[in-house]
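Note that chain A is present in both complexes that follow, paired respectively with chain B and with chain C.
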Partner chain A sequence: MSGAYAHEYNAETRRANRQRAKPGRSIILKIKRCDGPGKPSRWESFKVPVEPGSNVISCLKYIASHPVTTDGKRTTPVVWDSGCLEEVCGACTMVINGRVRQSCSCLIDEYAPDEGDTLTLEPMSKFPVIRDLWVDRERMFHALRRVKAWVPIDGTYNLGPGPKESPEHQQMRYALSECMTCGCCLEACPQYLQESDPEKWDTSFIGAAAINQVRLFNEHKTGKRLKADRLEALMGPGGITDCGNAQNCVKVCPKGIPLTESIAAVGRSTTVHAFTRFFKGR
Partner chain B sequence: MNERQGFLDRHHFLLRRLHSLTGILPIGVFLIAHLTTNSSLAWGKYGLRAEGHGVPLVDGGVMYFNKEVAWINTQVPHLLLIEITLWASILFHSVLGVYYATTGRSNTARYPFQDNWRYTLQRISGYIGVAFIFYHVATLRWGWTFLVPGGTQWSHEFSASTLIAALQGSTGGWTPVGLAVSIAYFLGVSLLVFHFANGLWTAAITWGLTISQQAQRRWGVVCSAVGVGLMLAAWSALGAVFVGDYEAARAVEVRMLKDKYGEDHLNEVLEKQVPPHAAESQASVLSTD
Partner chain C sequence: MAEQRVIVVGGGLAGLAASVRIAEAGLPVDLFSMVPVKRSHSVCAQGGINACNEVARQQGYSEYEHFDETIYGGDFLADQHPVLEMANWAPNIIDLLDRMGVPFNRTAEGYRDLRLFGGSLFKRTHFAGATTGQQLLYALDEQTRRYESEGKVKKYEFWEFLWPVTQGEGDEKRCVGIVAQDMRTMQIRAFRAAAVVMATGGNGLIFGKSTNSVICTGGAASRCYQEGAWYGNPEMIQVHPTAIPGADKLRLMSESARGEGGRVWVPRKKGDTRRPTDIPEAERYYFLEERYPAYGNIVPRDIATREIFDICVNEGMGVDGQNQVYLDLTHRDPEYLTRKLGGILDIYEKFVGVDPRFTPMKIFPAVHYSMGGLWTDYTPGDYMPDVPKPAHKSGAPVPVDNKMGHGLTIGAPNNMMSNIKGLYAFGEVNFAYHGANRLGANALLSCIFDGLCNGVSVVNFVRDSGTPGVDGLDQSIYDRVVRQEQEKHDRLVNSARSATGDEAYNPYRIAKELGDEMTAASTVVKTGERLERALAKVAELRDRYAKVELCDAASWTNQSLSFARATGDMLILAEAMLKAGLLRKESRGAHYRKDFPERDDENFFKTSIARFNPQTQQSDIEFVPVRAPLVLPRARTYGKADTKAGKPQPAAAHA
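This part shows the complex of A and B:
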């Protein structure tokens, strides 16, 4: 597989491609399609004219209005999920040229600068496909509930002024808070495998995104009231111990969140928590 | 946590952390001691100090190595307890490690990052390492001679010569099977050294010692240095065995036994000893009796 895609990883190459991209060209979009959950998947290719600044979403919109494959066969429009179109919601995440990223921020010029270049689109492999490029990321939201990724205030009474926080600490937490639950870190993780049975979500590997949220909320002055609960949830099967330190997560995170630092920090918290629990009791 | 969870699930965290710990203590510490001892086959002459003057390099290595093996077997206290702890730890680390490794799916093809390659190699080296350690212990320690080409069996008194015979394939020099065994040793020990060095690096993340990327990078330099050092120790030991000569090493060992315990003891040892090069001839002696 590696080497099959000439220029997907290197940011410099992508920048250079954008400079030299030929205007008025057409490219081939090769898409892995699937008609519904449990249905077999197939490949279909489409010829799409691109303009400067075209992204994957605008190409998919073109296909929706011209659902004809390169073989001249009329087919159904390709289905995909999207929301914000500015890389902050995570809904349009898919595997582009073999690597996971958001499709809205994926400029065609960077990936397919020449006439007839092919761009390959696949749905994320770690989540069940609903249709075509649209996947069900519910397990990610389940994971957030599993670790109580919230600040426990119910708004029924006045708590008074909030605790003071230093700007440095606020900056550190801000970086962690940028997670949009897109799933890139999980798609690239060799320890995170697709699990379509929700019964098993509580014991299968939770992944970097939720572990990072545990750090975020344990660092919150009010949120840390649930610290012990969150750490306990991460110390069971499928918790932080199942991380294999491949560190792909941090490299594919579109928000540049220091995920591996979060994993190490939460690892330290669980170490301390385990010793405290052993000698002091609950 | 509900009560119907199995033992593994209820003690998940403890088992995972014990798995991490046993890799360093005692297994990693033993690996350092073991490879350092073995490497003395290469530099032993200089460890002999005055005794090593005028002794050829190869003979010096044999002398020093043989002395160390004798020291371990006669002077180290609680040797049995140490061995039981070590073997139990290796068993625990291997069984759980293989089980944990099966929970992942390597994806270096799509994400060919250096860290990801090490993730994959850590698992491969674990699998091969388990097989190598089993072969290593079964042949050299338990004397499963049917696994040993040329019928060589390792002995404490003749530690260097029998090792040379085991790796070269016979007491008379290299054989094709010996070459295969030697390559297996080179790969096996190299992979295990990598496994330890890389495991030392990831353990620091697991336990939460290294948090920032800078700290992880720094610790990575330390672990690399440990890995390179152990790799050199392992390779120098193998190199000494590869260039060694069975008869010459045995002559040194016989002389040492005689010097230390006298002629009577030497004969006693030689009588008790299944001659490593004569497993077949001994079988024929027994059948003619």
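This part shows the complex of A and C:
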């Protein structure tokens, strides 16, 4: 696969591109397409007129109502996953110019400022393709079940407030809790591999997103009650020791979650837990 | 008899709260959603969730005042008992979310922090940064996952609700399941259930671009409506005053920006080309603060929207001569802003490329929320004053305390049930709580309240000895609806094979024309003449839709098909919105008729109820009295300055 964060433009380049982008130009969207599981992939290119504020989503919408390639061939609208279009739901993640990111926040002016510039869109490679740019990320939600990513409350009836918390601790938990299960960290991780057989999900590397959730819930006063279960879920095959410390995850996280800190913190907890368990003789 | 199941359609806050509550009571839940529930539109809610709290209480605030504010904010169109119950539950709901681990912002001492929000002079809004909806949704998603791993909730994600399955006619009509489609394999099948909860959210896509997610077509509500469910106050659509214009959608800029001190202004001099930071204070027109000295920038949304519209469209004072005004936070400490509003400031910076901590934002109103929705019933609680009460004054003794059961009879099977037995509507798709205008930070509350409080009603309905199980029902009842949907599906797929290629029949084109027309005719300012023209346009679009052509004949993961199918349902709901708006010859809350600028309680202190007429394929609109025995209607002025009393509303619409 292409480098997960190749071709990333820094903030200055993006700003400069936006300044010189010409309104009324057209760009080329080169899209990797696939009709369904087991079907071969192919590339199709589309010429799309853009205006200031255009993003990958508005270009894909244009193609949906004008599904004609640059060769003049009529084709089908491109299939892709999307939801909020403001980078909080995580749905529209794809690989753009070789780098994984949300397509809604990918502004054309910043990435393709000149007439005829090309943007390349590919589906994420670590998840099975459903069709075109839409992939199946069920394994990520499975991982959240695997590590019991919830606070085990005593039911929903009124039992008074939750635990008091310092603002510093709240800010720390909030930062971890912004994870939208988009999968960028997994796409970029050399240790995380595509696994279409659900039977093998529990023994293949679980990845940064779920490890971060373990830290989040182990930091909550009531959430702690399941701490041992969560750590043990990360101690076998596919657990935290599979992390190769490439640190790609933290570089591609769109929410700036301190994923490597979380991996280190959970790593320490599992070590302590292993010792404790050993001396307790369990 | 086998165990009865409940179906919940929609996995946002309302659907998840309902699923958790129903599963907790021991009934198995089948949860349907077009997206993984963690990606539902509730993630977009930003500002917070309202509830009376100890700090506000000691300053004279109360649950009763929250109730009174909500009724007043909604311009007296909401049925009143459910709103009272919701306000009384609110503090307990915050406690529960707190226990679930929601990272609510904290004070230095570790208590939950609060912020100001529109329509109240008290700090009563709890928040988690500026992504409160996301954090609340995640907490409920986690609790749902817990029940899922225990086998009590079964999720059907990437399944689209196609139609309710009903049995019987008239008052005896009952919902006994649904037909749904797997959006990947395109398999269509029926599911049995003793009760069905619709928690399918809003319908912003009817207006083309809005603040809503791409799934908010209103299609599911429209399908229930076409099957005979009544639709309440369809004309009541909230246009949020502050959104970022965009090519693909209009991104919300939360009301919390104003709650945290954001000021709305335009240069006093038309066509002033200076940078905003170069314009001195005296040459800025803070029009909300001047026109509404009491509430200033935190007037309710409908009022702020009309004033911004007035400044731009009527006065021609928009920034750079365009339809936009400044929303300015640059006078606040950047670190404070990051802590309280980081999430939304990042959105602005990401999509506009300008840091709002140092440069005022440019914003304009956008369609945001549907107060109208499926009509629902309820059994009132035990509070029933001899006569409705006048305005409540902060600090005065409250007419009724904050205990449960004053507003609704808890667990009554008909709470938030539609006119079709066993078919419930929770959350935004329920018309019950917000009347003619929703107050900011009341939406999250109403969604979770519906799920928690009225989830119990669903359980009681299913377990009632008078409710027969659905296992013994003849399979033909279900097969008939599967056949209906399969035929609709096949017709759409075949249209791609025999396509003429004429753009007029492209579903995306039809939807875009619908959105443009609805935005022009039926948002900030409406007139009878313009609504009539829009009705004619919708009729034309419906004619064209009858010959709609897809560009994709795939029998696998056909997204165009799903969109084209929803477009037909959007057209039907649009007609109800326009017709009710045309017949409501008054101005109330979000519904402003330039040709009838005053509220008319004599004729329209009434809920509009739309019923779909299968013969004519049109909406029949009836006006019925608002169920309002608790609070007396009063003029809704928000302390507008007298100097401007001569022109209380925008003078003209361009549309």
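Throughout what follows, the second predicted complex is superposed on the first by the 266 of 282 C-alpha atoms of A that agree within 3 Å, B and C clash if a C-alpha of one lies under 4 Å from a C-alpha of the other, contacts with A are read in each partner's own complex, and residues count from 1 in each chain.
Keep this in mind: contacts are C-beta pairs under 8 Å (C-beta built on N, C-alpha and C of every residue); 3 or more make two chains touch, one makes a residue touch a chain.
Everything numeric in this text was worked out from a predicted model, so none of it was measured.
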Inset, instruction - Using the superposition on chain A described above, determine whether A:72 touches chain B (first), chain C (second), both, or neither. - result: neither
Legend entry - Partner chain in contact with A:36 - chain B first, chain C second, else both or neither: second
Inset, instruction - Look at A:274 in the shared chain and tell me whether it touches chain B only, chain C only, both, or neither; answer first, second, both or neither. - result: first
Legend entry - In the superposition, chain B vs chain C on chain A residues touched: C
Inset, instruction - With the two complexes superposed on chain A, say which partner A:24 touches: chain B (first), chain C (second), both, or neither. - result: neither
Inset, instruction - Have a look at where A:171 lands relative to chain B and chain C in the superposition and call it first, second, both or neither. - result: second
Legend entry - chain A-touching residues of chain C, taken from the complex the two chains share: 20-21, 24, 35-36, 38-41, 43-44, 92, 94-96, 98-101, 103-108, 110-113, 128-129, 131, 134-135, 138-139, 142-143, 145-146, 148-149, 157, 184, 213-215, 245-249, 251-252, 339, 343, 347, 350-351, 353, 452, 506, 508-509, 512, 551-552, 554, 556-557, 559-560
Legend entry - Complex contacts: residues of chain A adjacent to chain B: 1-2, 98-99, 188, 190-191, 193, 203, 205, 235-237, 239, 241-248, 251-252, 258, 260-261, 263-272, 274
Inset, instruction - Report the residues of chain B in contact with chain A in the complex, numbered from low to high. - result: 1, 8-9, 12-14, 16-17, 100, 103-113, 115-116, 118-120, 122, 202, 205-213, 216
Inset, instruction - Under the touch definition given earlier, write down the residues of chain A that touch chain C in their complex. - result: 14-15, 18, 35-36, 51, 53-55, 57-58, 61, 64-65, 67, 74, 76-77, 79, 82-91, 104-105, 107, 110, 130-131, 134, 137-138, 141, 144-145, 148-153, 155-156, 158-162, 164-167, 170-171, 173-174, 177-178, 180-181, 217, 220, 222-223
